[in-house]
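Below you'll find a set of structures to go through.
Consider the two complexes below, in which subunit A is the common component and subunit B and subunit C are the respective partners.
Let's look at the complex of A and B:
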């Protein structure tokens, strides 16, 4: 299946934006300036769609020249995709869409002076700022889990070098070992992903190290898609995946990197490979800018994605308190588009629209067995609420699931083309 | 085909007459017998219908289970440490299969 072309998707969606966002620029001043901090899915989508309006100057600040998608990175882990196939070049995105790309870290934001301070000390002024900082880890909540420990017990929850490290550990693991996944409490990036990872790691182990096991130490008593996963585990990997809820093991208190052990209140679990996914919060620049509340995440107005704590600054993606919206790439993309409407309306006087918010995900249980969800959302009483939801069911035929696994690949090409404006 | 994995958690050692917690869980899909497959045929019931714990050969805890039980049933209960003896845990499945674990309890 060939994915939709960028022109088909981008053309339709951008066309809709342009048609409604009439460029009323006040006489006597230049084009309004929007700075986007963070080149992940949310940030790249905002930059691309705002730039396509051709009424606003857009600058994207991101230290990495490329973005590796977290979605589909469990396929990489299982040896089913290359990391290259998940890597997108932000420089070509910037070139094609006339975005000014500054390959630097934004170290501070001054909401009063309306400027961003870059790592070289330069200041960049803005009329509106969009912050898409992704996630940071609450290091310190699990004793002994710091950046050094993450090099021994990788989280692989930001795709890239951490994914490669976990893949190498999986490949060098001896048959008969236990691959431990410590899964975090809600909310966290991509709710079904720890369990998709368990499935695809088991798929790899079943072929190459069939005496090995996957053990999930969960900080929850329920998880996203639980029935679908447990059904698939008994069909594809009988006896290979064990899931222990927090009520059984107690909270994960610490890790011991020297022995690759995870210590819970109830017991110490020794791993051959330990994939420790720590509890999460909004990316650190959000915290430093006063965009986060006591939860560690960013409260926003669901109509505009403007921060309720710092006016004139918008936040999209995993970092926000998204109500019913899961922390997923598709959510970030959908929020980013709604945010573009609001930013364009504020800066150019284009009409305002109630946002249409969606999530659509595919989750792999095996290479030829995937499930899907499709959810629509709408703002209600200051929160984002689910309107309609479709999710795959237990008991669907193998044919249906094969088709979904096939569709997932098309979804990936179409979605990444929408975000990054073309194939890498 | 399923392959249930049983697991128990008990303290390493306990003092005589101390009351201690026992946790037992089994990874089990728990087919209710109420579902049909994609061609409309009823999938036969296959659940863990009984869980038993014996302490020194004496039954100290027993649960009979029915269709409404969740997947991966989890029990937590308390026992008094009377003697150093074997704890046995038995899960009985529809169709007659059993899964078991044992642990030698050391009472100081």
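Let's look at the complex of A and C:
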């Protein structure tokens, strides 16, 4: 990732993070204290919005100094964006918004003592904790797919080195090869993204390796935005993308890294490049803290995003059971704001209003052809339910789609400014 | 560090914000004195709803592709949102947002946005 040495990390910790030197419990201090675990989309948003209220001390715990956004990483894969342009500095976020940033992994959470244990053994007390750890992979579900296999058959489902690896493989792939995408069953991070990836990989192949193909081995029989994607594939990439649903091939059950093969219940597919996206669950700290249920995800109160299993701990983002809300960056950001105002209300008595939960994703079919959805949600009977949903339609004019692709770029810069405080 | 003077100006701006319905110009110029400083957000209903707007509309108005909200007055915002509520075109995204806001909520967010606190809030 970056060239930070241990000494520099130590220097940063000593300079910026007086708080870690004297671990203590928060009770009895002047300002209430919130600790946020995870500096991705949900965590950064919640930390930034809470800190801006200037009534609460906010500490953000995240091992990475920067965040590389998964959204737009399919554009990187196709050579349309640099990875640099998708990278945001968490230290600048912390400085500008007066957040204490601890560049470490949280290794344990003690809900009773209300403290977080950091990787160096220090303990950090909190009045409220927000956990936003994103996803972990259920590696056991695909035989032979472990961390070593992921270096040969990348998932690229967390942006960064995995995205670079997949891009390198795509670039060095020979013309005429098959780019296999193994897509997981629901629920998983960003339902339209495997198909956006297929579209943009085909865009790249069409220019540079026109005899090649994209093959999607799906663990589902239907997917998000299906009509829009299939319409676009026949318009932009005729004959280049093949989608095989689970009813024809069965689920992906194993991989063979040595031959770059994906084995489903029915068949074995040999790939030139294999992008294996494994089934997912909440980030492991959530599981270790008893925040997850049998599904592997975290149940929460949809008004406050407080865990229904551990009081005083809130969870936002991909890690939660979001009801009808998809696991998207937009959802994580929307949940984070609702969570922020609920935490502030609990700690400082500020007013509470019904949360406005919203998701709107831009999905690229080609560089100048994108579609959007817009979904509003409301809490109902303890769950998050869709209120209204609108989505682009098949048959819209090229002009409309070009405008959406242009808006997507504007959305990206406004959204990342909202999450990371406008610095990249 | 210039923490003290900056904090003083920010709290001045916040003091004015309370009366900003009457002195919107004063508020704006107070914020212009402190470029790059993040002014405290409030927790009023308008502010809480406006947080949703900021997921797509750059609060500094610098954004491209998605129209800025910084130049709009309260009545224009209400008028446009009513039009978005009535029709799925030109934007199904804004149609969804507009349908999700009751009249009181729309009034609160329009006032908050137009009060320039949004315009002056540097990300």
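Methods note: the second predicted complex is superposed on the first by the 394 of 424 C-alpha atoms of A that agree within 3 Å, B and C clash if a C-alpha of one lies under 4 Å from a C-alpha of the other, contacts with A are read in each partner's own complex, and residues count from 1 in each chain.
In this text, contacts are C-beta pairs under 8 Å (C-beta built on N, C-alpha and C of every residue); 3 or more make two chains touch, one makes a residue touch a chain.
All of these numbers come straight from a predicted model, not from anything done at the bench.
Participant: Can you tell me whether subunit B or subunit C touches more residues on subunit A?
Facilitator: C
Participant: Looking at A:230 after the superposition, I want to know if it touches subunit B, subunit C, both of them or none. Which is it: first, second, both, neither?
Facilitator: first
Participant: For A:337, decide between first (touching subunit B), second (touching subunit C), both and neither.
Facilitator: Once the two structures are laid over each other on A, A:337 reaches subunit C alone.
Participant: Pick one for A:239: touches subunit B only (first), subunit C only (second), both, or neither.
Facilitator: first
Participant: Could you say whether A:248 touches subunit B, subunit C, both of them, or neither, answering first, second, both or neither?
Facilitator: The first partner, subunit B, only.
Participant: A:52 contacts which: subunit B (first), subunit C (second), both, neither?
Facilitator: second
Participant: Does subunit B (first) or subunit C (second) touch A:421, or do both, or does neither?
Facilitator: In the superposition, A:421 contacts subunit C only.
Participant: Thinking of the overlay built on chain A, is A:267 touched by subunit B (first), by subunit C (second), by both, or by neither?
Facilitator: first
Participant: Touch test for A:374: subunit B only (first), subunit C only (second), both, or neither?
Facilitator: second
Participant: Based on the A-chain superposition described above, do subunit B and subunit C contact any of the same residues on subunit A, and if so which?
Facilitator: none
Participant: Across the complex, what residues on subunit B touch subunit A?
Facilitator: Touching subunit A from subunit B are residues 1-5, 7, 9, 23, 25, 27, 29, 35-38, 71-72, 74, 76.
Participant: Residue numbers of subunit C touching subunit A in their complex, please.
Facilitator: 36, 38, 40-45, 48-49, 51-52, 54-60, 63-66, 88, 92-93, 95-97, 99-101, 122-123
Participant: So in the complex, which bits of subunit A are touching subunit C?
Facilitator: 49, 52-54, 96-97, 330, 333-334, 337, 341, 344-345, 350-351, 353, 356, 358, 360, 372, 374-376, 387-392, 406-411, 413-415, 417-418, 421-422
Participant: Show me the residue ranges of subunit A that touch subunit B in the complex, using the header's touch definition.
Facilitator: Contacts found on subunit A: 226-227, 230-231, 234-235, 238-245, 247-249, 266-267, 394-397, 400.
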